Amino acid sequence: MDQRDTSFFRRPIPPAAIVLIALVVHAPLLIMQLPTTTTYDANFHIFFASHYAHHWFNPWNEQWFAGFSQTTYPPLGHQWIAILSFIFGLNMAYMLVQLIGVVLLPVGVFRFARLWVSERAASYAALLSVFLGTVAFLVYSAGQLSTTVSAPFYLLALPYFYEWLRWGRGRALAKGVVLTLVAASIHHVTLLFGAILFAAPVLMLAWMDRRAERDGGGLAVLGRAAVFTALSAIGVAIVLLPYWISILQHPIEQVPIPHASRSNFLLNVDYGMNYFIVPYGALILALPFIVIRGASVPRLRPLLIFFWIAFIFGLGGTTPLPRLLLGRAFQILTFERFTLLAALLALPIVGLLVEELLDRAPKLASIGVSIAAIATFALALGWMYFSPFKTIGGMNVDSVVSFLNRDGHDKYRYITLGFGNALPKVSTYTTANSVDGEYNSARLLPEMTQYGAAQLTSAKFFGRAGMESLRAMLKHANRYGLKYIFVHDAYYDPLLAFAGWRKIETFDNGLVTVWSKEDVPPARKIESDAIPAPWEGLLWGILPIGCSFFAILLWLLVPDRVRSLEIVPSSTPAEVPTYAREAH
Amino acid sequence: MISWVAFRRLGLVLFAVLLLARLGPNTAAWAADALPSVQLNADSISPRPIEELTGKNIARDYAYAWQTLAQALDQDRSELLDGYFTGFAKETLSRAVADQKKSGIRVHYIDHGHKVSALFYSPSGDAMQLRDTAQLEVQVLDGDKMVHQEQVALNYLVLMTPAADRWVVRLLETVPGF
Amino acid sequence: MRYLLALLIFAVTLLFVAVGWVTSGGLARAEIRSASTPTEAVQALLADVQSHNWDRAYARLANNKDIDRSAFERDLSGSYRSLRTYSSLEGFDVWPIHAASEQAVVRANLHWSTAVGPIDDVRDLKVEHQGSSWKVDWPSPNLPKVPPQVIPVNYLRWDVINRGPEDDWGEQNVDTPQVRIISMNPVERPDRLIILGEIVNEDTVPAYVNVNATLLDQHNAPMSQEGSFDKISHTLLPKQVSPYRIDFPGIKLKQIKSVRMDAKAMLVPASADPVIEVSGQRMNTDALGKKVLSGELLNESGQPVNIAQTLAVFYDSNGRVIWVSDGYIDQALLPQTPVHFAVDLPDDVAAKVQNYHVTVNHYSSGNS
Amino acid sequence: MRHTFVFFILLLLSELSLTGARAADLHPPKQVTAGNGFSIATTGNGDATFYLVGPSDRAKQTVRLGNAIEVAADDVRTAGRYIATVCGSDGCASSAFYVVAAAPAQLSFLVHPSRVPVSAKDAISAVAFVFDKFHNLVLQPVKVDFNVAVKDAPAISRSLPTNNGVAWIRLNATRKGGPAQVVASIGSISEHRVVQQVASDACNLRIKATRKGNSVAVETETVRDCSGNPVPDGTVVTFTATDAKGKTTVDAPIKRGTARVQMRLTGGATISVASGVAMGNEVRIGGTP
């Protein structure tokens, strides 16, 4: 008879405790609204949400690019922020949605890891996910709300996918598909790569486990996988129909914009630090174990292979593989998100490592692992201040907003120069429209798409391409009603002076100057074939949010078969001593 | 069995649905008003002849002015007047919008077109006086109740002045006859 | 089998990283750093300039004993808030012009990204073989030094008080200045249509001008509108004449029926200083064989002009404007210090040029 | 048969109701002067709602039919067409009337340009719009007196009637530079504007050049227009010199009546001058002594 080990170090950590730890770690940082001042993208997400708060059923947003469709970006995360903003305000609503993401992440990791490893190892994996450098990097530095909120939903869907593949349970199919739709409604790119990097190893696992039970039925697994895939694909096609319409109507054909995550990290130390050392942190030390253990245990091999693919993709241009496999898409994607996917795929094996270390030297290992986890998290947070890549999202733009909103200045369009990611903050609170914007994929104006530069506000950082793009836009100022330019970087002053703009006001002790061109006529609506039809606006306003409500209803009304995932075969090679046995 | 906690959550979800319903599309805002027809005759203008482009712009902008006037009165939104009205005309019409908001009495115009004659174009090109015979259906409503309705040809004396990129109405006065 | 997969993963990863390093230019960078050929020496120097590694760049100079380290840096990174201080070297093309065993001449086309747009700068650099590598013989920087002096200034200035926004219609106001387009000539080039001409401020007050052109098609419908942008002197003092140039890329002359010109002027505060002399204007052929109009600019006032732009208008024998060229000067115009300039023009146009006139636009930080 | 009976009963009832209550009606005056209160006679009996809709006003009050309705002066300040409606138990009746402008009280006086070259013909335009105290355009013809006064010159006066509320005049600029006072008045109401008469293009532009070592000092004579008025300071004069090294140009502003430059010239040179489109003389200067 087995004797149950009651040592604190040999018991799984209760999921509730892990969620509590996630709250303790992340809630204070989010309540402080850290992402609004330190991240690149938080203001962008808040801007999108602000539009939904004012025009829920009209995804055509005239505040950027002289008009663009928000159907080019899945809406669910932004719509939740919009709803919560009525109670908490936009900034805090963003923090709440982000908090939901980081709290759901360990839950998702736990459930995903349970497919591969024991409950105890899975609980360690879940706990470590709270301190992942890549999570801290994406949440507090990159501001990738959509990736970090979508990924947990996808992780939550995977056990249902496995359950459906193994046992063909209808309720698992329903829940898995709905969670997939929710994940897709938050972020399409995570879904696309998640489908390959996460679903494929789970499919292989189900197939292997089914064969291991010697009940045959490999074909049944494949058949069910096809059903799941078909239902998910149809669902995603319907729920995000306006997105597909917009992407088919205007495929991304702009000149590629350089991004540091596509660089070779060996040739630029700062990039290597930013996109490799900081996101992975102490996980780098575990890489040999991940590979060796992943290769040693047949059941873990699918996980290892797809971890390795995600890892290679996360290296951006350091290896030629992503460029070869993705073709033109390589120039559109940014690759920091793959470090998150790689880390999540590695965590089950890292959970095993922690389990073994704790079994061998409980106190030493617990101290060591804790220090490594906290140091990884601290490094990612500390890097925000030591990094050469600084954001200015926290910049005070009140004077700019106030100028635009008074005396009919909002009859004209404006741009900012040197505002970095404070641009969406201006756009969120002003009634005036701009020809610039922060979402590259939605740009249709030729002055922006033909030069290989991103935001006009950061034109100088894109060198000749950026300045050429800015010149092209300024040349067509009269066409777009572009009268006012706010400058937060004197670098742009000479061009404006030579091009016919005059400095008319100064704010914040000279930090921001306002330039105006007097012969510019008031802005007129720019006709576009990208304006979504009213019915698309209705779909966009109903289906994605409806999916999330449906997921909540399913969760509330249809309980899980709790024991279905409890039996997990050993993930320890034969010659590694087993210190704990599975509970049955 | 569904617990009371689940019911509470369900309530929350329903609340959110209702909130969404409140955010529903404003079909009225989607309705597009047609631009009224304006025929401009500048044969008897003096002392300065009207330039061809100016003539086109005057007709276009006067039509837009009537369109925005009708919208402003329909939607009780005086800010719509900013685009094509200025000075005394804007003051007068803004007062009308404020008054109808307060009193609940609204005027609805159905515009059947304008025959406009240009009378005076200042030598320096900074003011133009027009005479307009407008075919209108005027409805006076108290809330939803129509208290007056008429098909009428009204005579307007109009003063337009140039703004940044358009001509705007500075004076719009109904007169008994010309 | 167990370890085979692990080894395979390690090996493939290393292989990919190695291939990535080579294809991303890691190997080439290492080769260039060795400066084993004249071209590599110039490439290495410019790569260091590009990354602002001034110490290493300075160490690559053959004549660094004759050049002050800070003067070398100022030569390439600019001073007095000149255009060069607003520039970064984004790329360069290098090719040998002449090579011998101990000396060579290498031509470098430097692609600068500047605050006013892209600028290319061609330099012929002497390279010497020293020890096992080649080093660049950098031309000694000719940094101007203004002698201490007092320059009396009694310049003219116009200030403007406009009618307040709250004032009634018809209140007294100051009118916008009277400007007049005195010439307009459409010129077709292979890739574009260009509208050239001159505008004069006929008034007695300064004018801030922009010239816009609208092309009308055969049905008199507007087909394209562009403005003079930076190919004009926006601030015109009384009776001052400026050339203007408006480009319409991708349009042919036969597509249009007429052009609607629109000169917008407004009354602005302005100063009559600085006065800039343009001397020694001559038509030449530059090192690349292109026709250029070159000369010198002399700032006659007491304050530096941070960035200057030359606008040259070329006339044919009938006095008609046939071309307008412009060029930005990457050096600041210090008082009483001549600075060279050159603007190019197409060969076919150069053949018809009978006369030309150069005007100078200027930007001084703090005075915009 | 039964339907016919019901129809007749209904017809009878309706006739009885019409004779029992007199229909509401109202009789406003045809025309009212802005800012003057007045009353509207009504017929009928019982309580009714009175609506007054004007260009800027919307008023509603409960009235007693048969009594006159008093309309306050404040309700009819804007000129234009008003609709008076009264709604009683038997329906609504409407009548329209016009409010016309009161006596002239304000002038909007547009004078252009604010600067004019001397001697320019018909260069000054003065347009007067006549308004009452409520900003209504006064359409009744009234006489507007225009008066132009220039220092050291006789004043010009013209009196013109308004047409549709507008009177206008065109004036010549005098030969002498300086401010011209333009006044429009109706009785005690008057508006003043000032037009600056400025020198025209330079005329007989002449330069002299003196060599001083390596440079040549070039100076214009006092720059005047063809009427003898000094061209304002700040006007740009372009000096062009051609010597052995090429062409030298300098744009110099006039200061205290003349423009002067120092040009670095080697050897003999030809120097010319221009201001705007006006050309001046050309001088030749010999080489370095």
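Labels for the chains are A, B, C and D, by order of writing; each one numbers its residues from 1.
In this text, a contact is a pair of C-beta atoms (placed from the backbone, for glycine too) under 8 Å apart; a residue touches a chain by one contact, two chains touch by 3 or more.
A quick note: this is a predicted structure, and the numbers were derived from the prediction, not measured.
Asker: For the interfaces A-B and A-C, which has the higher count of C-beta pairs in contact?
Answerer: Spelling it out, more C-beta pairs touch across A-C than across the other pair.
Asker: Taking the mean of the C-alpha atoms as each chain's centre, how many Å separate subunit A from subunit D?
Answerer: Result: the chain centres lie 60 Å from each other.
Asker: Between subunit A and subunit B, tell me the centre distance in angstrom, where each centre is the average of that chain's C-alpha atoms.
Answerer: 46
Asker: In whole angstrom, what separates the CA-based centres of subunit A and subunit C?
Answerer: Subunit A and subunit C have C-alpha centres separated by 42 Å.
Asker: Which integer distance in Å separates the CA centroid of subunit C from that of subunit D?
Answerer: About 45 Å, centre to centre.
Asker: Which residues belonging to subunit C are in contact with no fewer than two other chains?
Answerer: 169
Asker: Which subunit A residues sit where two or more other chains touch them?
Answerer: Not one residue of subunit A touches more than one other chain, so the list is empty.
Asker: At least two partner chains per residue is the criterion; list those residues in subunit D.
Answerer: If we look for residues of subunit D contacting two or more partner chains, we find 110, 112-113, 129.
Asker: So with touch defined the way it is at the top, what topology do the chains form here? Options are line, ring, star, complete, other.
Answerer: Drawn as a graph, the chains match no named shape, so other.
Asker: Please name which positions on subunit C make contact with subunit A in the complex.
Answerer: On the subunit C side, the touching residues are 2-6, 9-10, 13, 16-17, 19-21, 23-26, 29, 83, 86, 88, 90, 111, 113-118, 165, 208, 210, 212, 225-230, 232, 234, 264, 266, 268, 306-307, 309, 361, 363, 365, 368.
Asker: List the residues on subunit B that touch subunit C in their complex, please.
Answerer: 87, 161, 170
Asker: Which of the residues in subunit B come into contact with subunit D in the complex?
Answerer: That would be residues 47, 88, 91-93, 95-96, 99-100, 102-107, 119-120, 122-124, 126-127, 129, 131, 138, 140, 142, 147-148, 150, 154, 157, 159, 171-176 of subunit B.
Asker: Given the complex with subunit B, which residues does subunit D contribute to the contact?
Answerer: Touching subunit B from subunit D are residues 31, 49, 51, 53, 55-60, 78-81, 83, 85, 87, 92, 94, 98, 100, 110, 112-113, 122, 125, 127, 129, 131, 135-137, 139, 163-166, 168, 170.
Asker: Once bound in the complex, which stretches of subunit B touch subunit A?
Answerer: Within the complex, subunit B touches subunit A at residues 2, 6, 9-10, 13, 16-17, 19-20, 23-25, 30, 82, 164-166.
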